[in-house]
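Multiple structures follow.
Shared between the two complexes below is chain A, which pairs with chain B and chain C, respectively.
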Partner chain A sequence: MTNLLPLMVAIPLAAGFVLALIPRTGTRTCNAVACGASAAILVIALLLFGKTDAYQMGGWEIPIGINLSLDGLSWLMLIIIAVVGFAVTLFSFAYMDTYTSKNRYYCILMLMVAGMNGTALSGDIFNRFVYVEIAVIASYILVGFGCEADELEAALKYAVLGAIASALTLFGVAILYALYGTVNIAHLAEKISSGPPVAAAASSVFFAAVVMLAGFTYKSAAVPLHIWQPDAFSTAPATVSAALSGALIQIVGIYAMIRTMFIVFGITASIGWILLCIGMLSMAFGAVAGAKQSELRRMLSYHSISQIGYILAGLGIGSIVIASGEDSPVAALAIIGALFHMVNHAVFQPLLFLTAGSIESSTKIRQIKNLAGVARKKPLTSAASLIASCSIAGVPPFGGFFSKMMIIIASALAGYYLIAITVVAISIVTLVAFMRFQYKMFFGQEIEPAKIEKKTPISMKVAMAALSVICIATSLLAIPAVRSAVLEPAKEAIVDRESYINRLNTDNQSTANPTNYKTETGK
Partner chain B sequence: MVYILATILLIVGLFGVFTQKNLIKIIISVSIIESAVNVFLILVGYRSGGIAPLMTEQHSQAEVFALHSVDPLPQAMILTSIVISLSILALMVAISLRLYHVYGTYDITEIRKARLNSKS
Partner chain C sequence: MKNRSLIIERVSRWMTPFIFLYGVYVVLYGHLSPGGGFPGGVILSSAFILILLAKGKQQALKNLPYGLAKKLDAIGALAFISVALLGFVFTGVFFANFLQQLWPGEPFHILNAGTIILNNIAIGLKVCASLFLVLLFLSILRISFGKKGQMQSMEDR
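== the complex of A and B ==
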């Protein structure tokens, strides 16, 4: 069977360039091409389930060439991108009709998907930096897509600070290359795990880790580097907010952070504590600041910060436990909880933004206080919103409950009772905020009857219904059998650094080259 | 020692981003930060007295070449990173031009004032 990995990058990239060529008037063709490309990615992502695979670009062997590599964690990211990408594309059919040049919107969206897929697959830190840049530059454009003053300001703020964050990440890559002479992740991990080249370089390695962590923290919009996020998410088109919060900040932020911290550097307690602190701060700040927002999408974006905080806190607890060398079940529980929450976040957050977009596009309501009575006019939208709210607030049968529970139990088992109690308290704050929002929508007194200017188009309904079904289905991940099939391989990929390093050799053998190019490049 | 240049550029750039009021100056500062990283990367591969990484008659053997040439990989990397910086730069300039059309100024404090006025 031919290798499917390069297609994950090639299909959206090709679709992007094709879309740019379609004239502005051909919106139906644009819809068809974009939808086809997203569906193809989704199908390939599903086909790749449970596989580990590698692909060497141009047939160069691994430490020299660039490779794409697939493991459980990458697969989880691919499926997140594919699902969010497909839902967003579907929703954009009708939603983006209010904007001009839909072809360019889809073109940039597809480039962003290509960049994210590449980030998830790349096995080379410099190559990953390039993919991350493709994705984030596309996101700068998408945030400012409407060209209204507010959007432009948000996009400019995001772009200026994002460029600094990217430069910091590249700085980290440069330091690592200076010390170890390689940028391949497996090769680099092998060299770092066998100690620094000279004793004095240990602090340089730590510096590189911190610099890269700062870059990824910015992109995952965690406190204290969250400032771009509420502005960007509340002003950008709702589909863009959905794609960014569901996929982009998780892939180029958290996934890249996990890959770098756990695989490249090997997790240490100090990094674990940094992750935990960032996580707790984001969690608390997001929930508290989100509670007093009056604008719907601004509230949702603050809660997104808070949910990212849960993921980081779970990872932090996991890494502290791993670094202390104690029992691994607790670490496994914390990391699985974090991964589970990533999956949940990738479903409920886009769903919330899409429902907000649906309400906005048909009633022009942006404030929570005006939402009263919308539920009676738009039953499907509000049902989807209710499902997503239950999941984000951690109401028991939904996925969000189980992932939060795992993180809380893990921190209690690890002996950090204070953290467990704080997490519980913040979950309650989140629950109250979303109850208030849903109460307004279902039972609020209408001050002036909401004007429904047009019905919800069928494509929007399908996108929201599909995400709602997935949102309910994520709770199935709490069942041990399903969890061990989906989340365990991802956890293994994070925890088991040795096997990633060992794959360096097996990958080379599995795709043996007809000719050996190695002779001429001596280094 | 040569890394001091990269550090100075980085600090100048960061200082510029956080103190300047003019959008164009902020964008220039960002550009300086990116240059600092590029300079650092190119210095990583530098070797004093090294030849350009081209295989010529004199250095046709891989071992001899590796002993004399500067490292070509960082050069390839900064080409990519320069292209990325350029695209971000172009994007930022385009956005600030649009903002100029809306507010008639590049000064961020003026823009903030105008925005607060329009909201209230």
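== the complex of A and C ==
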């Protein structure tokens, strides 16, 4: 089954270029091709469940060739991309009809999905940089897709600052390549764990770590480097905001950060404290700034920053505990909490943006204060919005409650009571903000009845209903049996650096290679 | 464009076929000599860009129409992926050089490296078309500041 791995990148790429060939008028064909590609990715991602592998591209063995590596963490990312991608593609059927050239929109969306899948799978630090660039450059175009003045401004800001962040990441890769002569993640991890090549280079390795951390922090929109995010998410088409907040910033930001910090460099207490500080700052800033926004999607984007903060804080606590070498159950709880919150964030955030897009496309309402009475006119959209809001605010039976709870308990068990109290306080602020929004929508006084210009199309309804069901279903991950099947392998992939190194180095007889096939036939 | 020099026009007309031919050579011999798909594609597109600069946009679009360039851009990328996928179909490994088994070929002859020549041609098409498109857009889009101080892009000429 694992030899289907490269198709995760190849299918969306091929679909993207097929879509570029379809003329602008063939919107139905575009829908079919994009939907087929997303469905194929979703099916393959489900088939890959529970597998680990190191796939050698073109049959070249690992020191020479490029490899794709699959483990629990990569699989979690693949399924996040596939689900978000499918929902966004389905929602775009009707939503993107108001924009011209749908073929180009789908083409770029598919390229972004290909880049994200490649980022999740790549076992090579330079190839991962290239995949990240594919995804991120596609997202610059998508943010400015409408070509309005404010969209172009947001896209330009995002692109210019993003180019600096990418340059920082590439700088880190270059330093590592100069020091160790390899870009394969497993080889790098092996060499870094056995110390720097010369004693003077120890500080260079730390410098590379910090520079790469800065690049990934920008892409995950955590606080000191968040300024592009509210503008981009509130002006871009709603489907793009959903794909970016649900998948892109988590994959090219947090996932890449985890891989680099935990596997390549090996986690240290100083990096852990940096992650924790960034996390707490984004958590507090996002919730407080989001509480006083009047525009719906801008409020949602600030809360996205806040939720990213929870993930980073969980990871930070986990890595501080690991680095201090004390109890690993606490570290495991913190990291599982962070991963669980990543899964939740990948469901409720797209759902919130899609419902905002649905409201916007049929009533032209962007401000929260005008939302009064929408619940009566659009029952399904507002129900989906309510479910997502409950999850993001941490109302008990929903997934968001359990993941926040895990992070709070882990920080209390690790002895950081102040952090635990702050996290609780911030989730109350989040709850208040979302209660205000939902109250307005369900019970708000109608000054003048909201005009429904057109009905919600069936494809939008299906996308929102599917995501709502998944949003409720994520709370199942709190059950120990489900958690140990899905989240434990991902946690092991983060914590267990040795097994990553060994898997790539010894698995040369990978199942992907047919036995009678050799590449060196030229001699 | 006014004040077009006769010398430049004449010389570019003579140069263009040779530049184009050299581009084709670099693409086709990429696996044997220095060069390959990307440099070859750049040389190929430089032939069109020379026409664009020397004779203007109309003449360049007669040689490589806008629609065709867009299609070539996508077809080149698709061809590259198809070669990789054919490797997956025939040997089970993505990007495997499946033609190497069928036609091992003589060393230093043009048909000896299996799929590499196909990949070079695909990249050559893609790079040629997309670089030409980039230059074309630079020549037709102009940033002007409207009354409201907003940026507007408009087609000129």
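Keep this in mind: the second predicted complex is superposed on the first by the 508 of 523 C-alpha atoms of A that agree within 3 Å, B and C clash if a C-alpha of one lies under 4 Å from a C-alpha of the other, contacts with A are read in each partner's own complex, and residues count from 1 in each chain.
Heads up, the rule we're going with is that contacts are C-beta pairs under 8 Å (C-beta built on N, C-alpha and C of every residue); 3 or more make two chains touch, one makes a residue touch a chain.
None of the values given here were measured: they were computed from a predicted structure.
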| item | value |
| --- | --- |
| Which superposed partner A:Ala14 touches (first chain B, second chain C, both, neither) | second |
| Chain B or chain C, by number of chain A residues touched | B |
| Touching partner for A:Phe126 - first (chain B), second (chain C), both, neither | first |
| Which superposed partner A:Leu371 touches (first chain B, second chain C, both, neither) | neither |
| Partner chain(s) touched by A:Tyr177 [first = chain B, second = chain C, both, neither] | first |
| Which superposed partner A:Ile141 touches (first chain B, second chain C, both, neither) | first |
| Which superposed partner A:Pro6 touches (first chain B, second chain C, both, neither) | second |
| Chain B versus chain C as contact partner of A:Leu152, first or second or both or neither | both |
| Touched partner set for A:Leu351, first chain B, second chain C, both or neither | neither |
| Chain B and chain C footprints on chain A, overlapping residues | 149, 152, 519, 521-522 |
| Chain A-touching residues of chain C, taken from the complex the two chains share | 70-71, 73-75, 77-78, 81-82, 84-85, 87-88, 91-97, 100-101, 104, 107, 150-151 |
| Sites on chain A touched by chain B in the complex | 126, 129-130, 133, 137, 140-141, 144, 147, 149-150, 152-153, 155-156, 159-160, 162-164, 166-167, 170-171, 174, 177-178, 519-523 |
| Residue ranges of chain B in contact with chain A within the complex | 10, 14, 17, 23, 26-27, 30, 33-34, 36-37, 40-41, 44, 55, 62-63, 65-66, 71, 73-74, 77, 80-81, 84-85, 87-88, 91-92, 95-96, 98-99, 102-103, 111, 115 |
| In the complex with chain C, residue positions of chain A that touch it | 3, 5-7, 10, 13-14, 17-18, 20-21, 55-59, 149, 152, 512-514, 517, 519, 521-522 |
